[in-house]
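A, B, C and D label the chains in the order they appear, each numbered from 1.
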Amino acid sequence: MKRIIFDLLKYNNEFRIGVCLILIVMTMAVLSFFSPYPPNDVFVVPPDAPPSADYWLGTTSRGQDVFWQLSIAIRNTLAFGLLVALLSRVISIVVGLSSGYLGGWVDRVLMAINDTFIVIPLFPILILFYFVLRDSMSTILLAVIMSSLGWAYDSRLIRSVAMSLKTREFTGTSVFSGMTIFEILTREHLPYVLPIIFSTTLNNMNWSIGLEVTLAVLGFMDINTPTIGGMIYWANQHTAIVAGIWWWITFPVLTVVATFVGLYLIAVSINEYIDPRSRLSRMGGGQT
Amino acid sequence: MTALLTLNNVSKSFTRGGLLSRHRIEAVKNVSFTIDNNRPEIFAIIGESGSGKTTLARMILGMQEVSGGSLTLEGNRVGGRTRKERLAFMAKVQPIFQNPFEAFNPLKKIDYYLLMTAMRFGGAADGAEAEAAADTALRQVGLSLSEVRGRFPHEMSGGQLQRVAIARALVSKPRLIIADEPVSMVDASLRMAIVNLFGELRDKLGLSIIYITHDLATAYYIADRLIIMQKGEVVEAGAAREVLSDPQHPYSRQLRDAVLSPQVTAPISIK
Amino acid sequence: MPAYFNFAMKRLWQFVLVVFIGINIAYVITHVTPIDPVEQSISAVTSFGNTSPEAIADMRRSLQELYGLKGDWIEQYFSFWRRILKADFGPSLSAFPAPVTSLIARALPWTFGLLVFTTLVSWSIGNLLGALAGYYRHSRSLKLFGVLAMALHPVPYYIVALSLMIVFGFIWPILPITGGSAMDVAQGWNWQFMASVFHHSVLPALSLILIGVGSWFLGMRSLVSNIITEDYVVYAEIGGVAQSRMMGSYIIRNALAPQVTGLAMSLGGIFNGAVITEKIFGYPGLGTLLVDGVYAGDYGLVLGVTSIAIIGVSLSVLIIDLLYPLIDPRVQVAS
Amino acid sequence: MTQPPILRVDHLKAHFRSSYFGVYREVPAVDDISFDVQPNEIFGLAGESSSGKTTLMKTIAGLIAPPLELIGGNAQFSFMPPATNLYGADPTQLARIRWSRLSYIMQGSMNVLNPLRQIRSIFRDFAAVHLGGSKSDFETKTANHLSRLRLDPSVLDAYPHELSGGMRQRVTIALATICRPDFIIADEPTTALDVIVQKEVLGMIRSIQREMGSSVLFVTHDMGVHAALTDKLGIMYAGCLVEVGRTVDIFNAPQHPYTRHLIHSLPRIGDTVQRTGLTGTPPNLANPPSGCRFHPRCPLASDICTVERPVMRQVAPEQRVACHAVAGADA
């Protein structure tokens, strides 16, 4: 793994740009721990101040410093994305690996459910959730709901790899070396899907952050936890664009776009690295 | 005279298609033969693609259910229902696969599989015993643990890997080895060494080998008995050299006549 | 033909399953909540203004019926399904007493038109450019397009729509940023109205297309760069097959099958995008209806739009799936 | 035998040069190889996996793409202008030659035909330009040609996946021969086939070659196929050609120790001689042994073999061998 990262850093432009963007965003997030203001307090600074030496990114109409708000918001947003991604990884790994390896009716049942989750438009369902839960919709609960909805596409990917792994002869060797199904799945097959898991984690983070921003902007989640979506929500509530407080909207948007593009570029370059075909074309000499 | 492996009218059919155009494919039809416990032999199953030979092998290994007839190892159903039964079965029957480069996980060191087999089947209580068992097995194929330890599959040649695969199968001290096309992916210059090794294992260790192949020449060279399969059915069976010297069934004859021998006789017929 | 019939039956079964599971999720969501949805809805509606006590009682009755709060849970479950199947979601609370069904019927053509148009446009343009970029890998302009697509594709619909709105609504105000047509133009099949609809749809359509083109472009480009290493392409190349034929019948044709599957699989996501885009631009479609329904606490409306969305999206997926064998003759022999 | 060769391979060298994530590798897959192919003959090329035979074929065919690089030498077809090879020829010239004078039968018939195209269209894509004539003319020509290979014209309506493996390979052969090319390059065309079908397909290649008088460069690792089909034979080991001659001479009197081993190690039905495998392992081409590349495994190796690479020597009128232990005149 260390080797892969090193190689990619040295030779892959997309990866380098992605890592730079994510490092910037993560630095922002870490800075939140040194914020001079409690995140939920309002009117701690003069409102509506444009970016200046005192307030680097300006202040909001609610009297908050955009820079420090942004740092706590991006931290929460990233944490949210990571939580959804990790939880949904668990489902997609379990479903994908076992469906691919066991085959038969287990596979048919799991994949029928899986395909259903791929097709169903999730956004109306999330909205329905909010509609009935209203104020009890906490960020953690939303993360749990989203991860139980957003695993299907990736588990199909994992399943296709698992199916080809099952037919490879070393799986037979493992069976006849006395390994249990659990050992085969975790020790023999899991290492092959790890790169996919890694890149889908990043893509899934993008997906969940995107939905979080969207839901928050509409006010369909806990708007008191500062997130990027929440910031934009408040800016919209105060009609920041019309009022000319452009910095209140622009900087959160820029930050979140940097996150999206950064995560995506890293995922893409890792995908390219693990795709045997593109790797072969770079190495060459596969056949003599 | 006790039977090691008994196949009695073994059949296998698959169902293909959906609810309405369901049709059955009979991959193996009524195959019967017995391998004796006291007379180790190399038993060749010969057939082309689609003859059902690989399906038959998978059934003998308990990797696929039998859909008709009975298939027993020392009187017990092959495979086994519980994990304990399966382990007991696998200790007696071990496979060797076609592609030595694929037989071991490329991400794992090879000795891992030898030691795992020794711990699970060989009765090895600790690491040292497992290593000793692995080393013994490797010496039976002309290698040793010190040559193999810590090496990844890509660091070895196809011939070496196939030897290690055989050694791994030997660790559990099996009674029967199922070798499915074990030399078809091995380079010609190394192939005969592997084939000869099968003969040695039969003679020195007294184990039986089911040798599945489409190559009639090596079957003639090493096998004691054989069956020839076509579309799931056994069309001819008997002592290997007798059958191949004078095949009776039209298909066996056709097969024998299609073998291209490495000698220039008449140029290939132009029909 | 029996093979196709089989294939079609399988797809149909998947469709039924999706709708079944989807509607069940909706049922479960609305029934496991600890909050009393009826009182919650009524308080949400009444907080907007003065509603007569008779109307409130009327609402309460229809809500209780709609939620299926009468009888035991089996009875509730079946009455829920009965309503869904009859497409009867009761009267809308926010536009009382207009039935939810008529609100949805009014909004549906807008969403349908916007979605079909943008999806077809972005799918074809994205795939065409992607195929060219995968085949002519050294073209500078296509590379530049690739960079743009990479920067744009991961950004969610909301952000793109918002940015377009800021640019074209405030910085350079040349396009209408809200509504489906101009207020002063009467709806009807006349030029003036059509032109107004078109004018108003530019921004919502553009934001959907921008993202769509990017993602189809990237998908197609990587597909094609894999396909050109396939044996049959290499063989056709050394066989001197003409370039145009190569591009059309060998490369694009073979990349099309996975891209059609991809289209079916991403329809749900595209619909999500449409919901939010419509809301931002005040476009009078299902998305706006859904979001406004939530704000107004209109349970029947939210449930109705959700159900229609689930059925509509899976129906579109079914149609694409059924057409798939036209593109790939191989599925007819596969089991 | 004074006829000029249709293909002259002259000190051809092609190496894989790659710099993959900073690690430079140079693999001499084709290392200084010379031989001629005469008109109207089947020239066989034998060798184990990674002996460089496929790379040699690609280099001759001009299919050189990074990381494969042409280092030196030439592969000259008689139908090309003097001193030009396919690699680097101008595209219009190549387009004229391809399929009308030079065609290919590739390894793995499974994937060489576009899965989404009917056989009829594939024939049109490849051959219509060269055969000319109206659409119905072309249809008739195609159908006639197929019947020559005992293929029913109805295969034209099929998609590749609807045909069996043997059928597909016969279609590929029909496709490669329809323009009656002067030279056909065939890379392991029968390896994936069952023996009965293989024999049939080989007979077909043979008969159509004799009928058209084309030359075939036939690559396979299967010595049985070479014995049955080819007129001349070249043996490759680790990127080098070690022996070349008439097939019948090579099988009856193999000179190079490696060739001898290849022929004698294989069992035959009807004799029970004990056969042995070769010791040692095939060399890693990225790091080949010094001197003669076969010396670590050679029973005849002496000191000179470890340092000096043997050159090709004439040992019989039409047989050349590269081995220090085999006496012969310098070629």
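Assume contacts are C-beta pairs under 8 Å (C-beta built on N, C-alpha and C of every residue); 3 or more make two chains touch, one makes a residue touch a chain.
Note that this is a predicted model, so its numbers are computed, not measured.
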Chain whose mean Cα position lies farthest from chain D: C
Interface with more contacting C-beta pairs, comparing C-D to A-B: C-D
Centroid distance [mean C-alpha coordinates] between chain C and chain B, Å: 54
Whole-Å gap separating chain A and chain D, where each centre is the average of the chain's CA atoms: 52
Approximate Å spacing (C-alpha centroids) for the pair chain A, chain B: 48
Chain B residues touching chain D - in the complex, by the definition given at the top: 48-49, 157-160, 187-196, 214, 216-218, 220-221, 241, 244-245, 254-265, 267-271
Complex interface listing, chain D residues touching chain B: 48-49, 165, 194-196, 198-199, 202-203, 206-207, 210, 221-229, 247-248, 251-252, 258, 261-263, 265-270, 272, 275-278, 281-282, 297
Chain C residues touching chain A - in the complex, by the definition given at the top: 14, 17-18, 21-22, 25-26, 29-30, 33-35, 37, 40, 150-151, 153-159, 162-163, 166, 170, 225-226, 229, 264-265, 267-269, 271-272, 275-276, 279, 290-291, 294, 297, 299, 302-303, 305-306, 309-310, 313-314, 317
Sites on chain A touched by chain B in the complex: 168-170, 172-180, 188, 191-192
Residue ranges of chain C in contact with chain D within the complex: 230-232, 234-236, 238-242, 245, 249-250, 253-254, 257, 327-330, 333
